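Heads up, the next two complexes both have chain A, just with different partners, chain B and then chain C.
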Partner chain A sequence: MQLPPFAYHRPASLDEALARLSTAGDSVAALGGGTDLLINLKLRLERPRALVSVRDLPELAGVSLDASGTLRIGAGERLTDLAAHPLIVVPYPGLAQAIRAVGSQHVRNMATLGGNLCLPTRCWYTNQSENWRGSQLPCWKTDGQVCHVIKTAPNCRAIHSADSVPALISLGARVLLRSSQGERELLLADFYRDDGIENNVLAPGELITAVLVPPARVRSTFVKAAARTGLDYGYATLAGALTGSNRVPKSLLLVAGSVGTMPLVLQKPAQIILAEGLNEAGIEAAADAVRDDLGEVTNLFTPPGYKKRLMRGLVRRVLHELRRQKLPAAD
Partner chain B sequence: MTRQLITLIVNGDRYQVPVAPCETLLDVIRDRVALTGTKRGCTSGACGVCTVQGDDGRAVLSCLALAIEWDNRPVTTIEGVAGGDELHPVQKAFLEYGAVQCGACTPGLIMTAKALLDENPDPDEEAINEALAGALCRCTGHIKVKIAVREAIKAMAADAAPEDGHGIQEG
Partner chain C sequence: MASRKADFSVVGHDQPRLDGAHKLTGRSLFTDDVVLPGMLHAKIVRSPFARARILGIDTSAALALPGVKAVITHADAPKLYVGIEQPLFRHTIVNYIGDEVAAVAALDEATAAEAAALIKVEYEPLPALFNIQDALKADALLIHAKAKGNIAWQQAQDLGDVELGFANSAHVRTDQYTTHASHNCYAEFHVAIADWSLPDKLSMWTPTQTAILFQKSLAGALRLSDGQVRIMSLNTGGGFTGRTSVRPHHYVAAVLSRKTGRPVKIRATADEEFIACRAGGEVKYTFRTGVSATGQIKAFEADISFDTGAYVESQMIVLTLTSSYIHSLYKIEAARYSGRLVHTNNIPYYFHHGGGLAQMAFGLGQHMDALARELGMDPVDFHLRNGVTKGYTSMTGTFFGSCGLAECITKTAKQAGWKRKYGKLPPLKGIGIGVGAMASGAKGVFKHDTSAAFIKIVDDGTMSLFVGLPDMGQSSHTAMAMIAAEVLGAQASDITVISGDTDIVPLDVGALIQRGTFNTGNAVKSAALDARKQLEVLAAGRLGVKPSQLVFRDRQVYPKGQPEKAIPLKKIVYDTLHSREGRFVMGRGFYNSPKDSGTMAYSFGAQIAEVTIDPDTGFVTVDRIVASHDVGRAINPRIVEGQIDGQVFSGMSQVLYEETLLEDGQVMNPSRLDYRLPRSYEMPKVEHIIVESIDPFGPFGAKEVGEGPIVCTLPAVANAVANALGEPVNEMPITPWKILQILGRRAKG
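On to the complex of A and B.
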């Protein structure tokens, strides 16, 4: 597959990049590592007039702790570097696991965190060449009036499957957004929308500059079930982050990925653990309860009913791992 | 479409090539520089046959890299791996342990293994699996490939050891 023509800009500063992105609105796209965007261009799913390379902007670089202990991760950082970074691996093992679960090492060598957070949703229909798609009716994403995933759906139900996202949400991460209009900061959990097309709240011309992970001594983990480990998108993923002890847990966030158009915070299983404690009986009850939380699951890439059963297993695995894990040492 | 003149540095040789922004590194290496050892497979990041080594030594999927972003940044392709007639230990091991059938995947797998060993000369099982997972072979599977990589690791360690073969002298 060949790329369509486009203009290419490589600005030297964030301000220059934002000016470029704001002049032409929608028809200009930010280019991170290109590991997804370039494929979507080849598939003719997007047709930007110009690409603005943001990966090497100095303002998007760096991993650092501020005075309050908040971890700042620049959106241009490569996933390979992040997966091995001591400021991530030691305090947030769940985040390191999630980043390492993205694609293959080849992909992670090129891919950026900002690109992962803005990964568009996917489905079996749009993930094909334009020629192939021509054999079926166009869908919501390709200017049609049908969702091939859930036939009755009034909008696009393609799957959100960016692996770093559930882990970051479980840690209460925030994103810093910049446009030529100014800066705003929001919870990553509030960044996504329940729509396969307008999947996040990023305004035209806006960039993610950094991700902020609040200081907390947490136990954290991430599991991914996929056809092939080390390359494929997940059938389902689950991230968990816990504070407090097994007997008296203080907070627990369980966040599922690859189950719907946006990451899903599991309510009931977490409530059960907080009420019962992180013990054998609590874990079984939490695993049983996950079904109710899932609601309408997009059974994309898996047989009907499979994801609900799978999630039950993932809840068990995550909770058992959190129960076993030692709290990272305080520094 | 406006083209921009870039200097591509492939295996130490410099090529001045006018490229359009939409040309991938893979297209330019194969079709303009005429080094066809780097293979074109899925063109969407999923098979690894287009793997080259970037200026930081890491494996790069040339089908997902824009040539224009590689102006003046050295790239190593399979043609640059052997030292003259002397094959690289990874190449020798692939030959000796039969890690090749049709050969379509071989350049990508060798570049992947070389990138791994350049960064970590003594990778454990998990690190080998992690690296090789991004480069697929649909003929032999990965078993013979892994045997070859392990043998290459041994051969390279032996080469790196002092002449007498005993490592650090007691004393």
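On to the complex of A and C.
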């Protein structure tokens, strides 16, 4: 498959990039590592008139701690570098695991964090060649009126499967968004929308410039259930981050990925652990409770029922790991 | 003939593959590397419907596109058939998603793709059939008028008194199994370049397992003589029985080349790769076996239905192969077989490893294991009691001149710690055994099963060996060089193997039915002996001994027991040429099985797998495989181990991972991303035990190792999963969801 024709811009500064992105609206796309965008161009799922490369913008680079202890990660940072960065590996093992779970080494060498946060949703009715799609009715994503994943759905129900996202949400991360109009900051948990097409709140011409992880002494972990080691989307993923002790946990965020159109914060299992403590009985009760949180699970890439059974196992696994884990040493 | 490893200087020693450096550094050439002057690029227009009537085809917009050189449809090749009831292009009814309707040739691939999209085909969708059950219903629509009941081909046979055998059985057990569609995931995609610019010569570059069958098929269908068709295969990136016959894209390239007068290249895109060749399943098996109270098989019955998809070409061979398999493994007194190929509107079926035998072994091995358990018998003892032995002649007439089956079973069981572990592992840990047999070639394709070889020796002592056997990754060319080197006292690296051009190399039926080492190996040995005879004349004279007393070894020639008198081999060659006679040394040889039909030798194997089931995810990890194989003699032990590893990987992968998911005839996972072939991380630890039974008919006693291991891996892994789970899963692949479902059902009680 070949790329369609497009114009290519490589601006030298963030302002120039934002100007490029805002002038032509929808038909311009920001190009980070290109590990997903270029494939979608080949599949003719997106047809931008121009690509604006943001991969080497200095404003999107850097990993640093500010005076308050907030970790700032530039959106243009490569996943390979982040997976090994001491400011991530030591305090946030769950985030490092999640980043390492993306694609393969080759993919992570190119892919950026900002790109992973904006990874489009995916399904096997649409993420196929144009010829292949010729056998199917067009769906919401291809200007049709149907979702092949959930036939009765009024919108696109393709799956969100960016591995870094559940881990960042579990840590309470925020994102910085910039456009030529200005800057705004919001919780990453509020960045996503329950729609496979308009999957996030990014406005036309807007770009993620950085991710902010608030200071906290947390235990964190991430598991991905995928058929093979690397180069695969998960059947489901789960990130967990905990403050406090096993006996008296103060906060717990459990965030599932690859189960629906947006990342899912699991409420009931977390409430049970906060009430019962992180112990054997609490873990089993939390695992049993996850079914109620899942609601309508997209049975894509797996048959009905599996993701609910699997998520029960992943809750158990993540909670056991958090229970075992020692709190990262303070500086 | 010498029989100990020490008696050989090349055979039986680890030899790095001769093309290893080329492969590793990307210098090995494949068909896709070939660029010819004026070469055009082709694309096929395929049906988007599983079954539909063609109402009209409008090619005008495509023809008007600049750069387009030709568009062809059924009208360009109305009498060209690529399979039974399969004309090259459809013009009335399409029968599967991917069916060929038209093709276009253009200056470049992008223009060809653009033009293909401009060809407007109007369809009227029709009802279609997507599985065996529906296709076999009495009132089912008929996909092909001549295939009554949608049965494309069937075969049935009784050997011995089957009813009596069952009547005399103390226990009778019946099991049913299903294997789902899968794909071979060739390292090299389907590709062909045809040059038919002159009417009396068609040259084609393409990966193949058998150039001669390609040559004959193309010549027959295109009304040329065999000699007018030249097949060139450079390296072939994987075979797995899937590259044994010409497929539509080969004909498309040829017809477009004739029409344009220019060479035409066609290659599959990533998703076409899954459409061009569906390998394996869906297959439904019913096995019924009767045994005596002591576990002796008295009667066996198999009924097998293959979803053969929209068309058949040569797939009927699968019925012959699956019907005879049981006789190569167990001593059977009575057997009944019924098998059929059933048409559906799925992609045409082709084979995945071993012509359908690997998939059959998934169920057959579990069936025998279950039978043994039912009798309260250890499966190891069951296989030992019933397995064929050296000197036995089966009821199909096969004589087993060598047989290391029992040795494989006992050695594998010992190394794996079977007695310590079987039935004694903790929950969710399992151990299982799989045994298998595999033919080293067989007569049946033609009246002959010939391989031939030439060898020429130049006066610096280096040699060129000409064989028709392709190397599709199995390192057969290195093995052939080793056999010639052993006979001539040379080193394998002294020999250049020339292959893959039917205008140059001698005839060879090809790399199929695991015949390479046995048949071509015997031909190479014969050619090398012929060349040696020509050198012996001079050498015997110089050394003053009879030719029979000469030893050719380590690039030297000397009288037996007197290495100090050695003359360098290259000096003998040089002096033979630079003589009054001026003899240029050229050896020739061929091998053809002396039997009228069937196989000269079988290889045997036994594997024991250990697995762990993860109760949280349902994932199965294969922790260890002990693999023991009777290969007659290991010509190149390092490569024998590599062959075992490759097949363990593929067998494990077929049992646990691989499935071509079809939804109303469309492949839902037509990519290496979504067709979840595992990676090297998932490769289990393999311990190899090579058993050498020294076959009386094989070259230096060698037999095949091309498919023998995989028929053991599938049942070993499946039985280990059943052992860990406490119940068998009779459907392949055994997916995490099937496992979690079983564990969930059990937890509920």
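As a convention for this text, the second predicted complex is superposed on the first by the 331 of 331 C-alpha atoms of A that agree within 3 Å, B and C clash if a C-alpha of one lies under 4 Å from a C-alpha of the other, contacts with A are read in each partner's own complex, and residues count from 1 in each chain.
What we mean here is this: contacts are C-beta pairs under 8 Å (C-beta built on N, C-alpha and C of every residue); 3 or more make two chains touch, one makes a residue touch a chain.
Remember, it's a predicted structure, so these values are computed and weren't measured experimentally.
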Practice task
Would you sort A:S53 into first (chain B), second (chain C), both or neither based on which partner it touches?
Solution key: first
Exercise for the section: Considering only the touch criterion stated at the top, classify A:N109 as touching first (chain B), second (chain C), both, or neither. Expected result: first
Practice task
Identify the partner contact of A:G295: answer first if only chain B is touched, second if only chain C is, both if each is, neither if none is.
Solution key: neither
Exercise for the section: Could you tell me if A:Q2 is touching chain B, chain C, both of them or neither one (first, second, both, neither)? Expected result: both
Exercise for the section: Using the superposition on chain A described above, determine whether A:G62 touches chain B (first), chain C (second), both, or neither. Expected result: neither
Practice task
Using the touch definition from the top, say if A:T35 reaches chain B (first), chain C (second), both or neither.
Solution key: first
Practice task
Figure out whether A:L310 sits in contact with chain B (first) or chain C (second), or with both, or with neither.
Solution key: second
Practice task
Determine, under the contact definition given at the top, whether A:P215 touches first (chain B), second (chain C), both, or neither.
Solution key: neither
Practice task
Tell me which partner A:P204 touches in the superposition: chain B (first), chain C (second), both or neither.
Solution key: neither
Practice task
Identify the overlap between the chain B-contacting and the chain C-contacting residues of chain A.
Solution key: 1-2, 228-231
Problem - Parts of chain C lying in touch with chain A, wherever the complex brings them together - result: 46, 48-49, 97, 109-110, 113, 117, 269-271, 614-619, 657, 666, 668-670, 673-674, 676-679, 681-682, 736-737, 740-741, 744
Handout entry: Of all residues in chain B, those that touch chain A in their complex
Key = 1-2, 20-24, 27, 43-46, 48, 51, 54, 58-61, 64-66, 68-69, 112, 129-131, 133-135
Completion exercise
chain B partner, complex, touching residues on chain A are 1-8, 10, 31, 33-35, 38-39, 42, 51, 53, 80, 100, 103-107, 109-110, 228-231
Completion exercise
So, in the complex, the side of chain A touching chain C is made of residues 1-2, 124, 128-132, 134-136, 225, 227-233, 235, 301-303, 305-306, 309-310, 312-314, 316-317
